[in-house]
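Read through the structures below before going on.
Here subunit A shows up in two complexes: once beside subunit B, once beside subunit C.
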Partner chain A sequence: MRIASRAFPLLIAALALGYPWLVPNYYLVYAGALTVMYAAMATSWNLLGGFTGYVSLGHSAFFGLGAYGTGLLVTRLDVPWAVALPVSAALVTALAAGVGVAAVRVRGASFVIVSIALVSMTNLVAQGWRSLTGGSSGLQVPSPFPGLHRGQTHMAFFYLFLALLALALLTWWYVSRSRFGAGLLAIREDEDKAESLGVPTAAYKVTAFALSALFVALAGGLYALWFGSLDPIFVFSILIGSNMVLMSLLGGVRHLYGPLLGALIVAPAGEYFLIALGETQIHLTATGLVLILVVLFMPDGILARFTRRRAGPSIPDRSAGERLHEVTP
Partner chain B sequence: MTSLRTDGLTKAFGGVRAVDGATVELLDGRINGLIGPNGSGKTTFFNIVTGMIRPDAGRVLYRDRDITRQPPHRIAHAGIGRTFQLCRVFPRLTVLENMLVAVRRTGLRELLAGLRDRGEVERARHWLRRMGIEHLEDAEARDLSYGQQKLLELAAVLMAEPDLVLLDEPAGGVNPALIDRITGLVRDLNAEGRTFLVVEHNMDMVMGMCDHVIVFDRGAPIAEGPPSVVREDPRVLEAYLGV
Partner chain C sequence: MTLLLQGLALGVLTGGLYALLASGLSLYFGVMRVVMVAHPAFLFLAAYLTYTAHTAFGVDPFLALPVTVPLFFALGVAVQRLLVARLAPDNLAMMSVLLTFGLALTIEGLLGTFYTGSYRSVSMDYATRSLTVGGVHLPYDKIIAFSVAALTLAVLFAVLVKSRFGRALRATIQHREAARLVGIPTERVAGYGFGVGLATAAVGGAVLALITPFFPASHWVWIGKLMAVIVVGGLGSVVGAALAAVLLGVVEGVVLVTVDATWATMMFYVFLFLTLLVRPQGFFGGRLAHRF
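Coming up: the complex of A and B.
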């Protein structure tokens, strides 16, 4: 069992590394890169959603800002892409921290609404500020690998997104083993109680919010360099954020690999629906349907079905009072 | 030495003054009882002292430091811990995880520290042992009985090493054997130097355990003193019995 649980991630990693060479065509490399991008973003989303229980539908905002930040730095200021990407992500993270201070003051449904408002606002600004962003006519970003053909570019970005995914997973794993992570879980369970035990809940939530924005912003920046063309309506679309939510919930928000598993199902399914049903809005209905089914029948996700924590029957069904006679003479 | 002092604390909800000019002084090292009829402002008083509710007027001083309007976690760091009227633990965390949530100071080191820090885990096990629930450390808190949850809540509060512990109805909803157990624990913890302020309706527990009793009525203290004196005070009898 131990060996199996150690070997499993290695096997997955080996498969992932070999994937571009194992598939027969470049379209599948493209679909793979898109899936890994979503896996990285969903894992990043789960740094906030999974630990604190704050469901953000607004992470598209960080995706779009990361994309436009990188695109604008490259096109308007001639910054090398390898510098533009982290600088843009750092700026978005700082902005997210600022937004977080206001956003995490409200809980539950109110927070969801605030996060949606965030997407709408950034979308409107990106569309309206034509002189900077090019508005709805789009922003063209030159390819960072002009020497590569299309297929090879997909391959390069597949590995870049894979590195990002590894970074996001590593961060989630580290947080899950830290006292910070325990504090975030306590916030999810009972925020006021956590505060009364000395957990600086506001600071913890803002940190988690900013951290979960960081990898999404990096994904957005990579996306800009990959696709080479940005349209506010797409990159600031609430769909990107709701996909992160769907993937995380489907796989299981309490598990390191939950969002990754969700992405492996939802992203290829989305691509399939797009091909099978064409460029209509029907695939959105399919996505919505899956989300409803997950919330109704598997609120804790797929992984929760397989990794039930030891609980219930193993605990002696006696009150502490009755046990007293045993422990105190 | 003064542990906790409040000056003219006032808090109104709508037109109702839940706490109305409450001036209270607690001495270090005592077990203080806080009693009074339902709605006399005891829990609101607790909530103001621990920063969960902001007072409309008045001040809270802890060891001569003004802690009024500080966020609850700062007040916890200052050394005040509390339990809740309806016992509150983190239901889907394990017993041990519940213990490791408490944060004693702010800072990057605390933020990045590993959860399974050996010293911390040892401290957690020490408190669980004293509560008699160490065998449950891997169980999720929601699977514990109510009495066990009460003990866990108290253990988790003690992880933060408070000097002043506020207990909101520690005997509420638990069986008599456990009440004796909690009373014994409070006495022991007090003998080790911790100050207590206990809201409780179980008069046997209050009168048997406390050194000093404060009686609240309509949001302010109306009498205080040793249990034997308070019990005979006509104002207390009137507030309780309406005679």
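Coming up: the complex of A and C.
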């Protein structure tokens, strides 16, 4: 059992590394890169959603800001892409911390409203500030690998996104074992009790908010370099944010691999819909119905259903009392 | 000066419509503590139904109301009984948002599939002219929208204050357990509360079809605006939402004529964030909205 649970992630990792060489065409490499991108973003979303229970529908704002930040640094200031990417992600994280101070003051429903408002605001700015962003006509970003043809670019970005995913998973795992993570869990179980016992709830929540924005912003920056053209309507679409939520919930927010599993199901399904049904809007209905079904019947996700106890590092099922005991000095 | 007056007048007229559209959201939140993200999607569903009734049968937008209002009432009861009431109570606030978000996506997808993504609008002869009072132009369609909204809100208030059902509904909003103790069937009342909320969406949709062109994805803009209205007004307070709606409508109208459309919409979010920073429970609501 123990060997199996150790070997399983290694096997998956090996499969993931070999994936671009195993598939017959570049389209599947492209679809794979997209899936890994979503997996990285969903895992990052889960740093906030899974630990604190705060559901944000607005993480596409950070995706879009990361993308536009990287794109603008590369095109307007001629910064090399390898510098532009982390700089823009750092800026977005700082911004997220600022927004977080206002956003985490409210709980439950109001927090979700704020997160939706965030996407609408950033979308408005990107469309309205034509002189900087190019508005709705879009922003063109030069490819970072001009020597490679289209298929090879997909392959390069597949590995870049894979590295990002590994980073996000590692961060989640580290947080889940830290005192910080225990504090976040206490916030999820009972915020008032946690605060009364000395957990610095506000600081912890803002940190979790900013941290989960960081990897989403990095994914956005990579996306900008990969696709080469940015459209505010798509980049700041609420759909990207809702995809992160759907993937995490479907897989299981309490598990390290939950969002990854969700992404492996939702992203290919979305691509399939796009091919099978063409550019109609019915894929929105499909996403919506799946979300309704998951919320109604499986709010704890697939992994919670299949792993009675825990397989791999998931959040242990302890009582709130035990957790509080752990975080209080 | 005339420009400012123009913005002010348009703002009040639009604000009246916002008040009607936000009243449904306040009702849902009151009876179930649910933020109904799908409300604007239903609004546009009603607008599209009105459009179909108009183009296929030549029906006046307001003559379709006797059909759409009962239909939406039934839909609202169904949404509450079949979906929202089934959610586990421990994380209702978050899960209900996700649930209604799924509903909104479902409706948007269906509208996009049946009506395609292009703009639609209903134009009536009587709604295209405008009234000029002292240099201020007031389009008739905006005046009609305001009147219909005001009338519907008046009826809604009358029902809430005078009728037996209204009293039961308000009791359920104020204290669910206490209401049940005095014999109010709170489950059923909550269902009817949702029905009334969606019925206002049917009226709002007909008005919306008349005054503005629409496409399936346009409900997202309205979610942001209406959410800002109910947060500024105080979640769950129908009166607070109405006051905030007129306030934000005026601010939007004035900014629209003095600056531009982007900033006019942005004002909603500015007010939303200011409210959350200064007074998270909203300016007119208070007790009920505390800690939501």
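To be clear about the criterion, the second predicted complex is superposed on the first by the 308 of 329 C-alpha atoms of A that agree within 3 Å, B and C clash if a C-alpha of one lies under 4 Å from a C-alpha of the other, contacts with A are read in each partner's own complex, and residues count from 1 in each chain.
The rule we apply is simple: a residue touches a chain if its C-beta (ideal position, glycine included) is under 8 Å from a C-beta of that chain, and two chains touch if they have at least 3 such contacts.
It should be emphasised that the depicted structure is a prediction, and the values quoted were computed from it without experimental measurement.
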- [ ] In the overlay, answer first, second, both or neither for which of subunit B and subunit C A:S196 touches.
- [x] first
TODO: Identify the partner contact of A:I113: answer first if only subunit B is touched, second if only subunit C is, both if each is, neither if none is.
DONE: second
Task: Which superposed partner A:R179 touches (first subunit B, second subunit C, both, neither) - done: first
Open item on the list: Once chain A of both complexes is superposed, is A:L289 in touch with subunit B (first), subunit C (second), both, or neither?
Closed with: second
- [ ] State the interface residues of subunit A toward subunit B in the complex, per the touch definition above.
- [x] 177-183, 185-186, 189-190, 192-203, 207, 309-312, 314-325, 327-328
Task: Of subunit B, residues touching subunit A in the complex - done: 50, 52, 71-73, 76-77, 81-82, 84, 88-94, 97, 100-106, 110-117, 120, 131-133, 135-136, 138-140, 143-148, 150-151, 156-157, 159-160, 174-178, 181
Task: Footprint of subunit A on subunit C - complex, ascending - done: 29, 33-35, 37, 83, 86-88, 91, 93-99, 101-113, 117, 216, 220-221, 223-224, 227-228, 231, 235, 260, 262-263, 265-266, 269, 272-273, 276-277, 280, 291-292
- [ ] Could you please specify the touching residues of subunit A with respect to subunit C in the complex?
- [x] 53-55, 57, 102-103, 105-110, 112-114, 116-117, 120-121, 124-125, 127-128, 238-239, 242, 245, 249, 280-292, 295-296, 299
